[in-house]
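Just so it is clear, A, B, C and D label the chains in written order, and each chain counts residues from 1 on its own.
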Amino acid sequence: MRIAHAAWRKASFAAAIALVAALALVAAACGSSSPSPAGSSSGGGAPIKIGFFAPESGFAAADGASAHDSAQLAVKDINAAGGVNGRQLQLVNYDDASDPKQAVTIATRLVTQDKVTAVVSGSYSDQTLAAAPIFQRASIPVLAAYAVNPGIPATGDYIFQQDFNGIVEGRAGAVALITNLGAKKVAVIAIKNDFGTSLVEGFTQEAKALGATIVATDYSQFGEKDFAPILSRDKSKGATGFYMAQYYSEGQQFINSWNTLGFKYPLVGTEGIDSTTQFFEPVGAKADGLVFTTPFNRDSTEPAVQNYIKAYTAAYGHAPDMVGATTYDSFLVLAQAMKTKGTSPSQIRDGIAATTNFVGVTGTIQKYINGQVVKAVDLQIIKGGVPRQYATLDDPQLITP
Amino acid sequence: MALLEIDSVTVRFGGLVALREVAFDVDEGQFISIIGPNGAGKTTLFNAIAGVIKPSSGRIRFQGREVQGSNPSHMSHLGVRRTFQVARPFASMTVRENVRLAAAGRQVLQSARALGLRGRVRPLADRVDGLLETTGLTADARRRASELNIGGLRRLEIARALASEPKVLLLDEPAAGIGVDGLRPLAELIGGVHHRGLTVLLVEHYVGFALSLSDRVIVLDEGTMIAHGTPEQVRNDERVITAYLGKAGGGQGARPPAVPTGPDAPGER
Amino acid sequence: MVLSSLINGIVLGSLYALIALGPTLIYGILRILDIANVAGLTLGAYTGLKVFEATHSLLAALVVAMLASAAFGYLLQRFLYRPILGRGPLIPLIAGIGVFIAMEEVFRLVFGPYPLDFPATVPLPTVHVGGAVVTGVQLLILIVGIAVLVGTWYSLRRTRLGLLWRATSQDTETASAMGVNTGLVIATIFLIGYALAAISGVLLGINYNTVYPTMGDIPAYKMLAIIVLGGLGNPLGTILAAMLIGLVETFVVAYLGFVLPRDAIAFIVLIVILLVRPQGLLPGESFGS
Amino acid sequence: MSYMIVVGVTVVIYAILTVSLNIIVGYVGQPNLAQGAFLGIGAYFAAVFSTRYHMSFWLTIPLAFATAGVAGLVLGAISLRLREDFLAITTIGLNFVIVAVFQYVPFFGGAVGIYAIPLPSIAGHQFSNNAFLTVGLLMLAFVMAVSKYLEHTWFGASLMAIRDDETAASSVGVPVASYKVIAFTLSAAFAGMAGSLYAPFLSAVTPTSFGFIESVIVLAMLIFGGLGTIRGAVLGAVILGALPEAFRFISNYRLLMFGAILLLMLRFQPEGLVGEGSVLVKLTRRATEELRRRRHKGTTDSPAAGV
């Protein structure tokens, strides 16, 4: 009996392995049931589904909330204005929890189950990179609201980047620091990720072209709290201007260290600190004099910009930031593309690619080149704790990726 | 030449002398017991022989080679195999598996043969059955080791030690914690093993138990060897009687007490 | 430069020591790597901030934060840790990490995802020491740090609680056989350990002027490196290790720049030292003996 | 359907990780909180080999296996000298060190990572999600079969002996130190093999995807299912791997639910769902025992009844 029992157990495990292998065969046999062409533009009244994902939980939840809130606002505003060609937009929204694996399942779900017509990514590069090929293969157009990894638009012709290329923004930072603020020996302190490294690349090119010397380039990590040692080091190397490619929370600590040391040098930041609740409010007047590059000009006289700021503030109790603005803009671009070319995925793709001189809340989109947006870089300066218009850089050579 | 030679071994822990110039020989096939009151240094001596601690001075020779200060696994490899006072079975395995693993031994475990299936080796299986038989564990063979009572665990401990076919078996208080009823079967088991030609070294608290089995007895007191001889000689040795009387506080008559007075204190770590 | 790095390193080391001291005491007594302690830190920071906003009293903020965290710690040991104590070291470790992750989500849902600023001004002057600057907050951290460390040393060495802690940490069974109410000792150590976490949380919040749901991430990992480096469960070793890590980080950044992530620095120091001394800087559980 | 298959691939990748982690944590009892990092090593090397050297997917599988194995060998030899909690924390540290290497060494694409990893192809056809699932299941079957085989070898028995009592294991002749390192290496190599599937499935690898949290999740899955058993490892990966998808409808509370379920499990059933000694297994054992006894009785009774 015991022997029989042991044999039974052995057999049952062999069966389990066989089952796994059989499942494998079944999966193989199921064949490549390629996803059906999603959301073919049928039925005049049916809503147009727009997929959206952002990190609403996990460490990036703050940006996720900004993106998500703006996405909802955008859809509401577009629908209130009559929708697109008489059809309403419908947001299909998921939380990716900052996990690329979840981005893959979300992308598949959006394509095969929800059958969305177009997608906006309100997420970081890791997630957007993992999701992009799935949409490309399914021929669903994607606008990445603020993810900057160069691999995203390189995925294919259905993938667009709504925020400027890191190289472009880096170049603009160099112009701001060297031409506008007159620094000649500069130090760079950047975050060690795709955002920081591509900004530094652009900055370094342009700064050298403008005849400046870069005395030091350092990369810090997420969560860095103390920049005083590195700033002192840069000063001792003769730096008279500083380029800070950091995000809001590291930027806040950067400003703390800056003030502790009593530095008064020209300082240029990036869109990474362009966050109302996370940078401008906590830092206040301590960052006065800081100039930063951003797509979001709060002092713009365009009604679109002012209406967005007003509506967002009314809805969520605080002013919007750059993450929200580019997300909002992505929806405006989608709607515009649908209006001009039609509401099927391929028509929307063509519509986005054909966008010219479109006025959104993040400035005028001149066009897209290889999926990358071309638009002027705005320089803002912090005065009395509030970002104000400083200059706009629109030299075509500078802003073309 | 003696199989095992203990040559004026001294062990110091800081300022404390746990063993002082202990010397004796163990011949092949002998059964030697080491007894003594609490804190006498029995376990320290045992640990020195098993390679757990290095003597501060003196030599230990096994088959003529100096082995003091080597490590327990090396000693076990040479054929000096010990049991633990607190039984240490592989709790998640059955009794048979415990013995089988020990019987597989170094030659199997430290070679590519370790990747072979356990059930395949017939001669080994027969030997394991024999060991289980000898130690009276056949009925418990399929039970988990963690389910054994203390007597069973001691037997398992001995079976595992025998499985590696040692030249010398070091038994560390095998009778501790076993009730009076269990003593006789245990004595029979140990005696039987010895009569098959195995050299045995026994550290024991139950003096009567030890004396009944041994060819020769070594008595330690406060780290010094105070007597060395046949059980009969030791039983009548004045120094032994005083040593036990002094420690036990009298009332036990002229003979060494047959029941333990408590756990050994120093030198047990 | 050397002097200011030294001061920065010591301040950072004091913060690390404060963060790691509670988990060290808890490890000493239960052999649990209590990562959930850092959830107590964030809870303390949020509670302190909310009380400060209501009362504008730093003292009130600290006291209420300590009470809130201590209560949290008490509940944790009572309803989570003690029932699973006998299950080996891995299960309590994963449970602690689970609490830590779940609490971050709770903070996000309750207080929102955005960082909040902690606009407390410390009633201490900025001091200049031979060219180096010590800000008021840094001074506060040093003072609180020294006070807590001395207090802990005194309690462990000179009070009945300390005796009980040492007895229980060396051998829970024997201690309980000798009539020590080990349950009470464990509860008390959790109360203290989580109150310390709350102090660290409030100080972190003020020092960096920011409180956010995931503010415990980096302290959690670093705390682990520090208490292991310190010899696991040895408070004096923890303090030494905290100072060592604080100074190494500061000097590496000051002289070599951000050559490596700070977390990696802490763990590389840990791995290198463990290679030489597998038992950590100071083995054992006793305080300074 | 396709969506379920993609969820299935994720689950299968997790299952390969838990079954392989079980070798070192379940069998040998050595804590290892770096399995996510070894997944990363495999994924990164697979990505480098396929994008930079245009190697076929089929070739990257053994290479990812080997590179993660070598990393496991080196790191294991360094860290396995430590015991229990020291080891646990050191393996936590390995996550940070390995992620730093990905971030800082240009070979691994630096902070940008490696993207545009081509889809594998078989007989000229590009992989569909079904193909990923097929290959994943085959890999899982392989890892399960190896684990099961190990359980029946002297090597496997020695590993469990080390888990039960290191000193006693060494006294019966088990080479404790080298066996620990071998088990660690094997476990890391299988995780690396999962990485070779992960990289083309996600089409991009970035440094921060392979950190401490990933390692914790894998270990949590193993403990949830039942440490030391293959069935537990697989079940834990299936349940906790699918859970975030099942909870999509309460998106804001998803992670919290995940944490809560894990904690309830650890608190009330620390043996895991189907581990040795868990309620479920005890009940099944009792039921089959009962069933067998009845059947046995039936067979002995029936001839008597026939007479």
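FYI, contacts are C-beta pairs under 8 Å (C-beta built on N, C-alpha and C of every residue); 3 or more make two chains touch, one makes a residue touch a chain.
Only a predicted model underlies this, so the values are computations on that prediction, with no experimental measurement involved.
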Given chain C and chain D, the chains that contact each of them: A
For chain B and chain C, chains touching each: D
Pair exhibiting more inter-chain C-beta contacts, B-D or A-D: A-D
Whole-Å gap between the CA centroids of chain A and chain B: 72
CA centroid of chain B to CA centroid of chain D, Å: 43
Whole-Å gap between the CA centroids of chain A and chain D: 33
Inter-centroid spacing, chain C versus chain A (mean Cα positions, whole Å): 36
Chain D residues counted as touching two or more neighbouring chains: 103-104, 252, 255
Chain C: positions in contact with at least two other chains: 105, 261, 263
Contacts with two or more other chains, residues of chain B listed in rising order: none
Pairs of chains found to touch, sorted by chain label: A-C, A-D, B-D, C-D
Chain D residues touching chain A - in the complex, by the definition given at the top: 1-3, 5-8, 10, 13, 103-104, 110-113, 115-116, 125, 128-131, 133-138, 140-141, 144-145, 148, 201-204, 206, 208-209, 230-231, 244-245, 248, 251-252, 254-255, 292, 296
Touching residues (chain side chain C, partner chain D) in the complex: 27, 31, 33, 79-80, 83-84, 87, 89-91, 93-95, 97-99, 101-102, 105-106, 109, 221, 224-225, 228, 232, 260-261, 263-264, 266-268, 270-271, 274-275, 278-280
For the chain B and chain D complex, residues of the former touching the latter: 72-73, 76-77, 81-82, 84, 88-93, 97, 100-102, 104-106, 108-110, 113-119, 160, 163-164
Of all residues in chain C, those that touch chain A in their complex: 1, 4-5, 8, 12, 105, 108, 112-115, 117, 133, 135, 208-210, 212-214, 217-218, 250, 253-255, 257-258, 261-263
In the complex, chain D residues that touch chain B: 149, 152-155, 157-158, 160-161, 163-165, 167-175, 228, 276
